[in-house]
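Multiple structures are listed underneath, in structure tokens.
Next come two complexes built around chain A: one with chain B, the other with chain C.
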Partner chain A sequence: MAGYGAGLLLLPGFAFILLFFLVPVGLILAQSLFDPAFSLRFYERIFTGPDYLTVLWISLKIAILTTAISLAASYPVAYMLVVARPAIRSLMLAFILLPFWTNVLIRCYAWMLVLQTKGLVNTLLVGWLHALAAPAPLVFNLTGVIIGMVHYVVPINILVLFSVMKAVDLRLVQAAKGLGANPLRAFLAVFVPLTLPGVRAASMLVLVISLGFFVTPALLGGREETTIAILVNTYFTEVLDWGFGSALAGLLLVFTLAGLSLYFAAQREGAELAAR
Partner chain B sequence: MSAAERSAAETAAIGAAAGAAEALGAGAAGRRGVLAPRGAPIELRGIVKRYGAMTAVDAVSLAIAAGEFVSFLGPSGSGKTTTLLMIAGFVAPNAGAILLGGADITRLPPYRRNIGMVYQSYALFPHMTVARNIAFPLRMRGMRKAEIRRRTERVLGLVRLEGFEDRLPNQLSGGQQQRVALARALVFEPPLLLMDEPLGALDKKLREELQVEIKRIQREIRSTVVYVTHDQEEALSMSDRVVVMNRGRIEQVGSPSELYERPRTRFVADFLGAANFLEAEIIRRDGTALLRTRNGTLLEATLPEGAVFGGSALVAIRPERVRLGAASPLPEGWRAARVVESSYHGNTQRFQVALDSGDRLTAFRPNTGEPPAPPGTAVAVRWEARDAWVIPQREDA
Partner chain C sequence: MTGRFDLFAATRWVPWLFTGLVLFFLAAPLFVVVPAAFNNSSLLQFPPRAWSLRWFHQYFDNPSWIEATLMSVKVGICVSLLATLLGLASAVGLARYRLFGRNLLRALVMAPLLVPVIVIAVGLYELFLRLGINGSFAAIVIGHTLVTFPYATVVIGAALAEIDPRLENAAVGLGARRPRAFLEVTLPLIRPGLVVAALFGFLISFDEVVLAIFLTSPATMTLPRRLWDGIRFELNPTIAAVSTMLIVLSTVVMLLSEVLRRVLARRSGLPAGQGR
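Presenting the complex of A and B:
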């Protein structure tokens, strides 16, 4: 009975989610299941059609590569944030968040300017340094997609890792040194294992975000980098086969929810380890 | 018990440890040496640590003998922990030198110093089992697996935690965690063991239990121990010598009884136990001194040897040395006084009494079941000249 008042406070938020998220997603999913009677025809087509599984694989490959590279780039930065003095840390955080405030479309076009055949990088390598004989293909292919995606997810990755590393007791690393571990071994034997739950959580989040990402693969990729998100867009706006588009979206949703549940499980584990 | 004896037998059988003990001329057979006894002397030569304008440790010099148990005692911010961290190598001194076993270790990184350390927070690795925590320093030294297992077993016996190998630290009580931390600090047989308020997080009963335990282990392994605490009872009961620190400096170094009975400064007298302080004028001196307070109380007191005094002095009298008796008739050699306040402390009754001159004293009386004396009661008080101690006044005091 006492919970009634508190429950009422949730009502506006719940109504919003219901109206603007659950209902539209429900409608999409319904579209994928009714044609006009109930049928799994669209889903069947995904798994039997010629190229859909390839697209799924490409989406996964891009997401996994993005996750791995962004982890390698984010982990040292997050560690530096933890050990930096407060003033330096604030400055670092400002620079990490700066790209966050820039529209993703603008960032993609900026990358095109930098990476294209007559772009900044190739001009530098071919024209000025003569390091290459011909311009390297850096954009409208996998390389371009990965560069753009990593650029997009690294700030998120750093912030999640930072929040986990902050909870690690650095006195344990000091104690390890006192027991005879040199700085590298103390880091590898004590600090890294204690951050592993955070690494798992951050990686899951980045993977989920990368999996459903549309703009970057669409703009910086070529024909070979067609992802599920691009395919969904194509079926909705060009082919106008909303039923099949919805089924593809449904599949993406399943992958995303699976990733998210792994993320929360990893977070819970991390919280338990930190509470020890 | 039997486990410790068993491991002692093992040690003797291994031979190497026993040989080392004999080489030191310590007579390994008589002692139940579990780990090889090899405490090393440590010397601090004028070490200084400044943080900006604040001097945390100010020219501290001290020589500690091999196998000695020395406590650093002082209030928080007195520099005792900073001194310990400099010995461990986690804090670099701005000046001075640290010598361990005769070798200068001032610039050596902590992982090359081979010093065991126990922290108040235990600092056990939460992702490793008890056995892996203890094996950690051995693995860092590249020891063979069989040797690691043998040593881990031995040291677990020493701290009486056999059977806990596979537990994680969070599955242990605070006292057990501290034993694991102690085992981990001892397992590589460091010549010096540092302990930074190791019992600070434990309740009183457990603390007293572990004090006895730590002393037992220290006697067995004969390691040199530097122990930091702000608990004066702990320092007095465990140490061979106590170093009292205040505002980054050593106030006094001495055996527990020296410090308690013959404090050299007001700070030491005040910090260790309770004390009555009377400011008085020296009016005669020969062996003992005769003094008179501003209120006119005349008293005899003991003078420290070799100290030079001006006209005035500070006399310290421990409250438990002030005896209380019946006021009428006033016995020979006793002073008339009146109870101002009394309080009940279980094993003692504590009184504040005012002498006829107006000087006030605190007196502790063991609770022998006598009825309490309420404020206003006339009493007789007495103390001996040997219990009134003149504290040398320092220039800067």
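Presenting the complex of A and C:
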């Protein structure tokens, strides 16, 4: 009885998802596999030429570098959020949420102003400090993409890790100290292992986000930093080869789903560890 | 001698220094656009030699910027309403649904957030082109609703979980029909959740770039789409002026949502910052 009424309430949302999510994604997948008869020709093309393998490699490299640097930056900050006094914590959260709420285009534009040849950093290093003879190339290359991507994912990474660490019982760390471990050892031997499943889940999430991200590599990268997402855009809007573009989108989808299943597995493991 | 402990006491500032550097990295670049917006010259220079408001005048005098801003507001309002309604129906439906496949349905609602936006964008682009509605007002509203109503479902679902279902049942027991009991008992209690969902919906739509690149035409160009074109092809300080205004806006929205969160927490009888 109750289920019947609930079914009716669920209808509009799921009709919307069916029509505007499942159908379009299905359309893309079908288009990547039928030409017009079933064929894997588009996917073969991705994996046979060196050009597209390079693009896959660069996308993966950007995603992995971003994830690693983001974790290194986020983990200590998330920990400090846990141990900080409430007033300090609110202040820290303001610094984290401001970029989180700021349009990604503005964040990229800000980085252009900071990093370009006549930007803030180069003006500082070359003009004022005379540390460099000529401006360093900091943007429209891999450096620029990584800086922009890390800036994009760190707030997300910190917030996810913060929610993981909040669940850890800090008394265990106190107990380790009480038993004679020094603070560093108590942190490394007790706190860190307890957060590892959460770290794995958060990193998978960041990796998936980085892999499919389009705006930052497109604005802060150069020609060398062409990612799968950029290539999808190129094939749909410039080359107009929708079949091949669909195969690239399909591949991105497969990578994402693989990453997400690892994410959910890590999350479940974390929940089991916390329940123990 | 307690040299070892003194060493730890002496290095306690290291994690704080690291945290400070990460927070500086996150927030500081955003403010670099502010002096660029008030710089009189069209060339980028630090520090600016003369100040002016000309780039703000450029924004207000240029119909393409103003029209794009108004379009974003219009799209944002429609998306906010639509996403909140769909989210409300889905959240109530999911809370009451007791039949098979409940977890699958929950996962399906979240799915549009997990797939890379570029994949959804090309899928909808192709679907809308085939239907002959790409570039229309409806196209961008549908696209944005798809990526906002999952958030609305989660936020409203969380608000529903905070209230006691027996309140609505009591109203039914006292003779009210189920819809009236819902409208007069449950709905007022979850109002803060609805407001947060609507605000999120507006903000995400107002910020969204990738779908806008594919689904808008010159007639339906939104502000982020205009910014995207501006950053790629013009790169004059008008963009810094627009960015400055948007950073102010996101700061205001951030403070507003914090106030709302506290109201929500107080309604549910918990002190601020201690919600579930």
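Methods note: the second predicted complex is superposed on the first by the 267 of 276 C-alpha atoms of A that agree within 3 Å, B and C clash if a C-alpha of one lies under 4 Å from a C-alpha of the other, contacts with A are read in each partner's own complex, and residues count from 1 in each chain.
Note that in this section a residue touches a chain if its C-beta (ideal position, glycine included) is under 8 Å from a C-beta of that chain, and two chains touch if they have at least 3 such contacts.
This is a predicted model, so every value here is computed, not measured.
After superposition onto chain A, partners chain B and chain C are found to sit side by side with no clash. Once chain A of one complex is fitted onto chain A of the other, the partner contacts of A:L184 are limited to chain C, with no touch recorded for chain B.
If you stand at the C-alpha centre of chain A, chain B and chain C are 90 degrees apart, rounded to the nearest 10.
Considering which of chain B and chain C touches more of chain A, the answer is C. In the superposition on chain A, A:P193 contacts chain B only, with no contact to chain C. Of the two partner chains placed by superposition, A:P217 touches none, neither chain B nor chain C. Once the two complexes are overlaid on the shared chain, A:A175 sits against chain B while remaining clear of chain C. Applying the stated contact rule after C-alpha superposition, one finds that A:P86 touches chain C and leaves chain B untouched.
Contact with neither chain B nor chain C is seen for A:G144 once the two complexes are overlaid on the shared chain. With chain A used as the common frame, the shortest Cα distance separating chain B from chain C works out to 7 Å. 182-183 are the residues of chain A that lie in the contact sets of both chain B and chain C, per the superposition on chain A. In the complex of the two chains, the chain A residues touching chain B come out as 169, 171-172, 174-183, 185-186, 189-190, 193-194, 273, 276.
Taken together, the chain C residues at the contact with chain A in this complex read 4-5, 8, 15-16, 18-19, 22-23, 25-27, 29-30, 32-33, 36, 43-46, 85-87, 89-90, 92-99, 105, 108-109, 111-112, 114-120, 122-127, 142-143, 145-146, 149, 153, 178, 203, 207, 209-210, 213-214, 224, 227-228, 231-232, 235, 239-240, 243, 246-247, 250-251, 253-254, 273.
Partner chain A is touched in their complex by these residues of chain B: 88-90, 109-111, 114-117, 119, 121, 123, 125-127, 136-137, 140-141, 168-170, 184-185, 188. Here chain A touches chain C in the complex through residues 2-3, 5-10, 12-14, 16-17, 20-21, 23-25, 27-28, 31, 73-74, 76-77, 79-80, 86, 92, 94-99, 101-114, 116, 118-120, 123-124, 151, 154-155, 182-184, 208, 211-215, 219, 229, 232-233, 236-237, 242, 245-246, 249, 252-253, 256, 260, going by the rule given at the top.
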